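Some structures are shown below for you to check.
In what comes next, subunit A is part of two complexes: it sits with subunit B in the first one and with subunit C in the second one.
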Partner chain A sequence: MADTEYATGARFFRALLRQKKAATGAVILLFFLALALLAPLAFPGDPTRFVARQNQAPSARHLLGTNGQGQDVLAQLALGARTSLFVGFSVGFLITLLGLAIGMTAGYLGGLADGLLNTFTNVFLIIPALPLLITLASFLPPGATTVALVLTATSWAWPARVFRAQTLSLREKDFVAAALASGEGSRRIIFAEILPNMLSLVVSSFFGNVVYAIGADVGLAFLGFEDLNKVSWGTMLYWSQNNSALLTGSWWTFVPPGLCVALVAFAMTMLIYAIDEITNPRLRSEKEIAGVLKKLGLGQRRSTPVLPYGNER
Partner chain B sequence: MKYVLRQLGLYLLAAWVSVTLNFVLPRTMPGDPVTALVGKMRGRLDPQAIEALKATFGFTKGPLIQQYWQYLSHVMRGDFGLSLSAYPVKVTTIISTALGWTLLLGLVVIVLSFVIGTALGVLVGWKRGGLLDSILPGFLSFVGSFPYFFLAMLALFGLGFELKWFPMAHAYSDALSPSMSWAFVGSVLYHLVLPAGTVILVSVGGWLIGMRSTMVGVLAEDYVTMAEAKGLSERRVMYRYAARNAILPNMTQFGMSIGFVFGGQILTEIVFSYPGLGFYLVRAVNAHDYPLMQALFLMITLAILVANFIMDLLYVRLDPRVRAS
Partner chain C sequence: MSDAPLLEARGLSKRFSVGLFGGSRQVHAVTEASFSVDRGKVLALVGESGSGKTTTLRMLGRLVGATEGEILLDGVDVLKAERGRASLAFRRKVQVIFQDPFSSLNPVRTIGHCLERPLLIHGHARTEAELREGVRGLLETVELRPADEIAARYPHQLSGGQRQRVAIARALAARPELILADEPISMLDVSIRMGVLNLIERLKSELGIAFVYVTHDLASARYVGDSVMVMYAGRIVEGGPCETVLGERAHPYTRLLVSAAPDPLKIAALGASAASEQGAPGPATAARRVEPPSLIDLPPGCPFAERCPEAMKACALSVPPPFDLGGGHWARCFLYGRVD
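Up next is the complex of A and B:
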């Protein structure tokens, strides 16, 4: 059990904080969370109200200028963070939950139930998500609930597959056999024995799902399949495109929201890499060996290095 | 063989699910979409067209199972009815022209991003810890976190609008008509640069990182040490020994990525007004052109399923272990 040592509780998170990648990711993410939380205080009032002439370039009065409808871009950006992050995190959570439920059930039960659930998962995995998303979104009434439901329904399959594989391999471990032999029930084995041992996988999958959800939400809004009166990063991009920002040269209406989406996704990706590095000893040792080699003046090596006696790790 | 059959079964099942979803979805809407549509068209449809429309959707008087059967037989015959937004053009006519553009863009993007990403991954994995290795993966994963269409907007604005290096819309110059002349082919390629380039830039990082990590694993193998010890040239060890074995796991992702790349492509087509399937899909949705929309959804889904299946067949050719099991 390579990851049990870290996977449980506080040590995992302490190790996470020591990582440079994790720190970068965490700082960016915290910045946006703070922005989302404090937005109503910093930018009181309706972000869709008319404040100045249309398409004005950034100035001291309006730090990010105004958009094609004469609205303040910075205020929209800050308040839009609330909508986009809320949708991203809640849908990411739902996807992870559904994936866990289906994947773990299949992996734990095995047999016919696994066969059926696994086929079901695979079918959903190969049906492309975006066309299905667009078609679903066009038939259902527009709104936040529709978006959340549709996004969850189209993207649980990948995490389910990952969780199933992990459950399958953990189920064969001795500690599960011991728990079974000591007469523990299925519920306890699933929640107290198997789940804590795949915590790192669940956390990184959650981050991945949040990234996906934010991106898909922005994409759907950009295509006009969401409530366009609501301010979010996606609707900002939609209005920017629809008010021909590209043809009037008002870059300040579409660069900031796109950059925010990218930064949040980047922060999450950094956290995922950091978790990978902590829980995968092979990646960690690669770094340590590189350090040792440098000290010995051996430079970069392609194959496994043969170290002089006394310097083995 | 068993593997191929199992995959084929899976794809057929997925195809059936999509076809059935296509049947069920319009029926979850309150009321009858055909009637709703006729209302929206404000009498511009003649009664014959309405009947034909109902027949294509399978919205007949009979019980649901009979409707489903009728719908299936229409799909089987490739009869998707007439487009409403471009009435009375056949849906299949619109699709056949759009399909070509989508295939062109999709193939260029998938092949180039795979080749470039894998080649860079080999280099970066080989010179681990080098200059390239410390810059490229980080940079590309940052670029990869941009939404596909946002990068497309940036490119359109910077290279198309500001610098006027590339055209801003369509698949070929408006002054030309499709023909097999050099001028036309050149124009098509010229119009392809930005849409393809942006999707490649976003998707190349995934290949690079995947290839790098399998390279790292393969380089630790004894046969690589052996090859080096034998004094083989660096190029030979890198390509013939390491890269060749590392590429296989990367190939498994190829099939999966087709769907994702296509998702990005739909959005890119919108930004560049590139007349592919994605462009028409969104246009059909906005115009409430349900026959066109349903046919496009099926077409796109089936195309991706077929592409995936071809990848599976290729994989069997490449990996003897799959063939043996």
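Up next is the complex of A and C:
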């Protein structure tokens, strides 16, 4: 019953905001969301147009310099955030949704339905994702939709397994039997009784999936499996590599997009840690003990780190 | 509405398959339970841990399917009439209270919400105002005040006793004719057990609700029960009016059970018997130390035979049928008859 105390939506988010880790993560994330939203206003016009001589170092005119095609790196970075975050969040959402639908159905229904769905999930789990990703991406027409579909298809299975396991354990709780005895139908029992009790798991799984999707999207673009005329952090890295930025020493063409990906992943991971901490009583009490020890001047005691779900890919 | 029983179980059995790959081994959790529950009466079901009380109750409440047997509600064989899911009509008539009030209420829902749902499902309230009135009425019935304040709370903001009262209120919301209560006081603090028992008494006499009251505690069975059944290793071994059964103790197992309780016939001993659960040995420790038989390989004869001080040859050969002892009292024991 780790979730009990913080399981309700409002209380959960209030507890989340009190966390330093959560606040750090949220601030970084909001910064990037704002960047993505405001980019067209700040950088009007086509980011792929030629603005100045190639591979110019950062200057007052072009804050992050220009790339190998004489395009403004900062404009590309800001507008590229739109593509990368959009793909990341929508794919993260799709993966979570599909995982929930399949995992919870299997876990709640049990029996034959569970057997079939679980086998199906396991098949997807053992298919090596990267080769399938590349195969699918090279056969389908390039574009954001393809990327979204491919990423979703290859990565819903792990969350589905996690949600199934959680559903299996919640299903045995007496409050589910009580709902059944009250005459509730299956759909309401799944979505109104069981699902709210998995809120923290769902939210942290979502963040983990977003991180994965952003990373995978960047990876696919870097390998050239995406529409390379479209500006995104991934295609920026592709072109940077294509123009031998490492050899020419134009670090400003690859460090900024790489750093952005890393920062977003960092922010999400902070949020996952924070969720884990407020819903896992053991971590919470360890923190309290550490606080007391600190007050007594006894310093901090490091404990075994507990990896949150999302780092296990 | 004659004196036909409200609910009747006939040859109810439950076997669980255990082990790897669906399992070829079977746990005989309940074997051929037959009994009836009268309107407005409390039937107590007593037995030690693992004797199959909860499984019997869950079958009656149709939370698990029966492997064999019939359940007749108002004379209708419900397992045949409604295959698979129980109908809403059945759910309205038969409600369940669970043993652990800390797991029987959804932690993310307010008390108000958890009482509104059955009111809505069974059509006892439709508008906001009706719902609020209904919830308030239910909370007042189970003596939880101030009702409005309690309704706004979450389960973790209530004590165990208060939660159990909420669980009772939820059962009442459907306006049932029968409530199946699984050890409703065993997880509660000794000081508040009497309150919940008295509430059950009151619901029986004022609302005419029948109860099946499961317990391993003879004192409370005697306190609320009109009749009692003693269960051992999945079988009901003795049954009848409460005073007769606990007074005459026809079956040797009933005798053992009664002698093992500190002072089984006094309700004041409720607390004391709770203490004995913690392992304080009762008088009959010698007999108690024998393990109950494995439910996987049932002996061909009486399941109690190897622990029984009165065991005869016949006991190991076949399961004794119920022998009538008069006045509705019966026992499955060869001390009271023979089969030829």
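Following the convention adopted for this analysis, the second predicted complex is superposed on the first by the 292 of 313 C-alpha atoms of A that agree within 3 Å, B and C clash if a C-alpha of one lies under 4 Å from a C-alpha of the other, contacts with A are read in each partner's own complex, and residues count from 1 in each chain.
What we mean here is this: contacts are C-beta pairs under 8 Å (C-beta built on N, C-alpha and C of every residue); 3 or more make two chains touch, one makes a residue touch a chain.
In this text the structure is predicted, and so the values were computed from the model without any measurement.
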Subunit B and subunit C placed together on subunit A: clash or fit? fit
May I ask you to decide whether A:Gly183 touches subunit B, subunit C, both, or neither, giving the answer as first, second, both or neither?
-> second
Thinking of the overlay built on chain A, is A:Leu237 touched by subunit B (first), by subunit C (second), by both, or by neither? first
Practice prompt. May I ask you to decide whether A:Leu33 touches subunit B, subunit C, both, or neither, giving the answer as first, second, both or neither?
Written response: neither
Inquiry  = Between subunit B and subunit C, whom does A:Phe175 touch in the aligned arrangement: first, second, both, or neither?
reply    = second
Between subunit B and subunit C, the one with more contact residues on subunit A is chain B
Of the partners subunit B and subunit C, which touch A:Leu246 in the superposed model: first, second, both, neither?
-> first
- request: In the overlay, answer first, second, both or neither for which of subunit B and subunit C A:Thr135 touches.
  value: first
Across the superposed arrangement, the tightest C-alpha approach of subunit B to subunit C, in Å, is 8
Intersected contact list for subunit A, partners subunit B and subunit C none
In the complex, the residues of subunit A that touch subunit B are 119, 122-123, 125-132, 134-136, 138-140, 211, 215, 218-219, 222-225, 237, 241, 246-247, 249, 251, 254-255, 258, 261-263, 265-266, 269, 286, 290, 300, 302-304
The subunit B residues in contact with subunit A across the complex are 10-11, 13-14, 17-18, 21-22, 25-26, 28-29, 126-130, 141-142, 144-150, 153-154, 156-157, 160-162, 168, 216, 219-221, 224-225, 228, 237, 242, 256, 259, 262-263, 266-267, 270-271, 281-282, 285-286, 293-294, 296-297, 300-301, 304-305, 308
In the complex, the residues of subunit C that touch subunit A are 58, 61, 63, 88, 91-92, 94-96, 98-100, 102-109, 117-118, 121-122, 154, 156, 167, 170, 173-174
Given the complex, residues on subunit A that touch subunit C span 1, 3-5, 7-8, 173-175, 177-184, 193, 196-197, 199
